[in-house]
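Take a look at the structures below.
Same chain, two partners: subunit A is paired with subunit B first, then with subunit C.
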Partner chain A sequence: MLRLEGVAASYRGLKALQGVSITVARGEIVAVVGANGAGKSTLLKAIAGLVATTGAIEFDGTPIAGMAPHRIARLGINLVPEGRRLFPRLSVQDNLRLGAYARRGETDRMKPLDLVFALFPRLSERLAQRAETLSGGEQQMLAIGRALMTQPRLLMLDEPSQGIMPRLVDDILAAITRIRDLGVTILLVEQRLAESLAIADRAYVLQTGRVVMEGRAADIAADDGVRRAYLGM
Partner chain B sequence: MDNDILRRRRRELITGVIVLAALAMLPLPIADVYTRNLLIITLLYAGLAQAWNILGGYCGQISLGHAIYFGVGCYVSTLLYVRLGIPVAFGLFAAGAVCGALALLVGWPCFRLSGHYYAVATVVVGEIGYLLFLNWDFVGAATGIYVPFKGESWLALQFRTQKLPYHYAMLAFVAATWIAAWVIEGSRWGFSWRAVRDDAVAARSLGVRVFASKMAAAAISGFFTGVGGALFAQYVGYIDPDSVLAGTFSILIALPAVLGGVGTLWGPLIGAVVLIPVSELSRSYLGGSGRGVDLMIYGGLIVLVALARPQGLVSLLGLRRRAHENAA
Partner chain C sequence: MLAAILQAVPLQILLSGLLMGLVYALVAAGLSLIFGLMDVVNFAHGELMMLAMYATFVLWQASGLDPVLLMPVVACVMFGLGMLLYRGLVARALSVQFNRGMVQIFVTFGLAIFLRGAAQFAFGGEFRSITHGWLTDRSVHWGGVFLPLPQLAAGLVCLLAFSGLLAVGRTEFGRALEATREDREAVALLGIDRDRIFALGWGLGIGAVGVAGVMLATFYYVGPNVGANFAVIAYVTVALGGFGSVAGALVAGLLIGEVEAITAAIVEPSLKQVGVFAIYLVVLMLRPRGLFGKI
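Right, the complex of A and B next:
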């Protein structure tokens, strides 16, 4: 469904990605792991059209490299950005509504709301609250909920466990698995190696902007060499 | 979830109609010319602040150069009237259109900057406009333009002694800007703009066209500011760069919205109702002493509101409503 071939990106001469080639098949959870500064977030931003890239990016056979971010979003790719990036002064329901508005002119665009509430019942209790008043975990739920309102086919999550209490991390990872089971393909970037590899089907290990290892998530999780060499653990 | 919003929006619309009716009655028992003038100026600023609020409040792009739209609006309609005899009833649409287009022209380079840099750029644009008109002979340069009196007329909005017609013209202006803000608030655009205001990166990843949103907000804001300028020019009968394009106007346009509550429907109107009379009254009673006591009081009031209610005066209403909802 998603294919990157030799993708490179740089920030003012600093090479963040070099010759990255990855594929994501429909219905998979693919994890991208690596140390800080390995280029994981840049990879997701590159797919979403938020940073300039060279190389080929295809989504369902459509080349999307260089396409405007809003058009990529309308194709069904949605990024839950690092740090959640909610609209802090808008209410929970308005945040969700903005996700729904990404679907142009559809009458049933509020339909995913039931699904969002089923995944995250807490959100339904806090509809009128400003997003900034939510706890870290609730904010992450809202960020994922907002993304689901766009009815994405590919959901990209950047560090969903960041700044969240451990008990809620499990809830969020469980929700990600359920979202996949509903037919949404997932590309997950995480610092928490063990947890993310446990829910992923396949994984890529990134180091200084290059893919240094790829394979089944279980194999990578089992490989002690990987931990020591690339992840510093 | 949708029903709640529809109900709230209907309630706002009803409140709007009631307030409009009250403002229409307000000048009738007042014979005093000074007070009527004060009401007219207050309404003008309420409308201008609402126009500013569309860009600065809903879309979060703080413009400190709105005097250029106000001033150009004055000049466009006045020149059309003086040179071509086109009355202000039509001229104000021309003024709005020109200022909307001008806002796009200004936005094209300026919206590539964000946050404080955008605000600074608009200050510079405003100053350029001022200097340009100050030295441009075709528009009267520093001497300005007199609007000739050609007999009483609604079309040209000219009345020798009556103030009431101007009151209604300004009230129509306030109503138009308020309705524009009301429509925007409930529309897909309004949501996109608020998303751009709160977090442009997140908005972009949801498929919002950030640059286009800012441009649209600027054009609508510029349009209404220009219309306000056209009405003002006809009311005072004389314009020059110092009285309609000076940098202080940019601040005066933004202040009622900031004081009343940025990004809210009622903030600009409430802000203008408090601010403009206080500024006028303190000037007439305390000004002229040469010590600037009026400005101190004026500034002190703004500081007080900023400290006590940073969300603006309109948040006082919210407090009561929230308490009411909790009790229910």
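Right, the complex of A and C next:
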């Protein structure tokens, strides 16, 4: 579904990615793990079109490198960015509806709302509230909900557990698994190694902008040497 | 309070100030909308209004149609021109790598100088005016108050246009405008073409100043420098109302209109802008973000 071949990117003058090649198959959850500054976020931004890259990026056979971010999004790739990037002064409802804005003209574009409320019932109780008044966990739910409103085929999540109380982290990760079970492919970047490897099918380990290891998530989770060498724990 | 004001200032002056204030408000609303959307100050705003006034004058002369009938035409042309200016000029200025702030300023400032020079070249320096039409030289007398019809119509049309702008804010497109203002990167991630939103924002802002220009042309002289005066008042209005706040522009515009009318009446007509700038200074010192500012 997604294929990167020899992708390099610079971010703020630093070489953030060098020769990165990864693939994501339909229906998988793929985790990208690595220490801080390994280039995980830059990788997701590169796929979303937010940072300039060299090398090939293909989505369902279509080359997307160099395409404008909104065009990439319309192909069915959605990034839930680090820090969530909600529209703070708009209501929960408006944030969700804006996810479907680009599909104006399609009659059933609000249909994913049912799914969003089924996954995150709390959001349906807070529709009129401004996004900025939500708790960290609720904001993350809204960010994922807003992304689902675009009806993505590939959902990329950047640190979904950041700034969330531990009890809610499990809820969010469980929701990610349910979203995959509904047919959405997931590319996940996460600091919490054990939890993310537990829900992922495969994983890539990134170090200073390069892929240093790839394999089944369970194997990487079980390998103490990998954890010490690349993940600093 | 109202009674005290009415005693000190005749109703005539308050109503004149109100009508002019509505025109100021609409001019400022366009400026504020564009600034709020993308942090670009359009220094050519007054000159674009001047352009709409000349367009009205030329069309009126050529077709003999009343300016009121020409208003929708000119407004649509200005809307299109606004979109074109964004696509052809502003978007390019925003894509530069270095010193983006300065480039933005120079691009709209340069446009202002160009438009003023072009008007001077095409029409000469002398003032033109629309000498006959449905509204010309008519007035309404009501309870001892005398209101010229052109001013009354201008105030009402500007109020209508203003309501239109506020109504747009409540539509789904309005939400997208607000979202783009809050996080232009996040809207792109949702598949929203922000360049299109920006261009439509320019269309709305310049369309609004176009409506004001047409209505102003029914009673105000048309000349190459007419925009400059109104632009300065628009900056004061936007600063008072709060940068980026369209509703703030209405309140501030009305306030400025009243202050101007009252200053002219009780001090001296040629000093009418002294009151306006006094307010500007006070706002800058006491509340730099304006009455309804979002920054």
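Basically, the second predicted complex is superposed on the first by the 230 of 233 C-alpha atoms of A that agree within 3 Å, B and C clash if a C-alpha of one lies under 4 Å from a C-alpha of the other, contacts with A are read in each partner's own complex, and residues count from 1 in each chain.
By definition in this document, a contact is a pair of C-beta atoms (placed from the backbone, for glycine too) under 8 Å apart; a residue touches a chain by one contact, two chains touch by 3 or more.
Being a predicted model, the structure only gives us computed values, none of them experimental.
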Query: Are subunit B and subunit C a fit on subunit A, or do they clash, once the structures share the same frame?
result: clash
Message: One more residue to check, A:110. First (subunit B), second (subunit C), both or neither?
response: first
Message: Applying the document's definition of touch, where does A:97 land relative to subunit B and subunit C: first, second, both, or neither?
response: both
Field: Which of subunit B and subunit C A:202 touches, first, second, both or neither
entry: neither
Field: First (subunit B), second (subunit C), both or neither touched by A:126
entry: neither
Field: Overlap of the subunit B and subunit C footprints on subunit A, listed as residue numbers
entry: 48, 50, 68-70, 73-74, 78-79, 81, 85-90, 94, 97-99, 101-102, 146-147, 150
- prompt: Which residues of subunit C touch subunit A in their complex?
  reply: 172, 175-176, 178-179, 182-183, 185-194
Task: Spell out the part of subunit A that touches subunit B in their complex, as residue ranges.
output: 48, 50, 68-71, 73-74, 78-79, 81, 85-90, 93-94, 97-99, 101-102, 110, 113, 127, 146-147, 150
- line: In the complex, subunit A touches subunit C at residues 48-50, 68-70, 73-74, 78-79, 81, 85-90, 94-95, 97-99, 101-104, 146-147, 149-150
Statement: Note: in the complex, subunit B contacts subunit A through residues 1-2, 188, 191-192, 194-195, 197-199, 201-209, 263
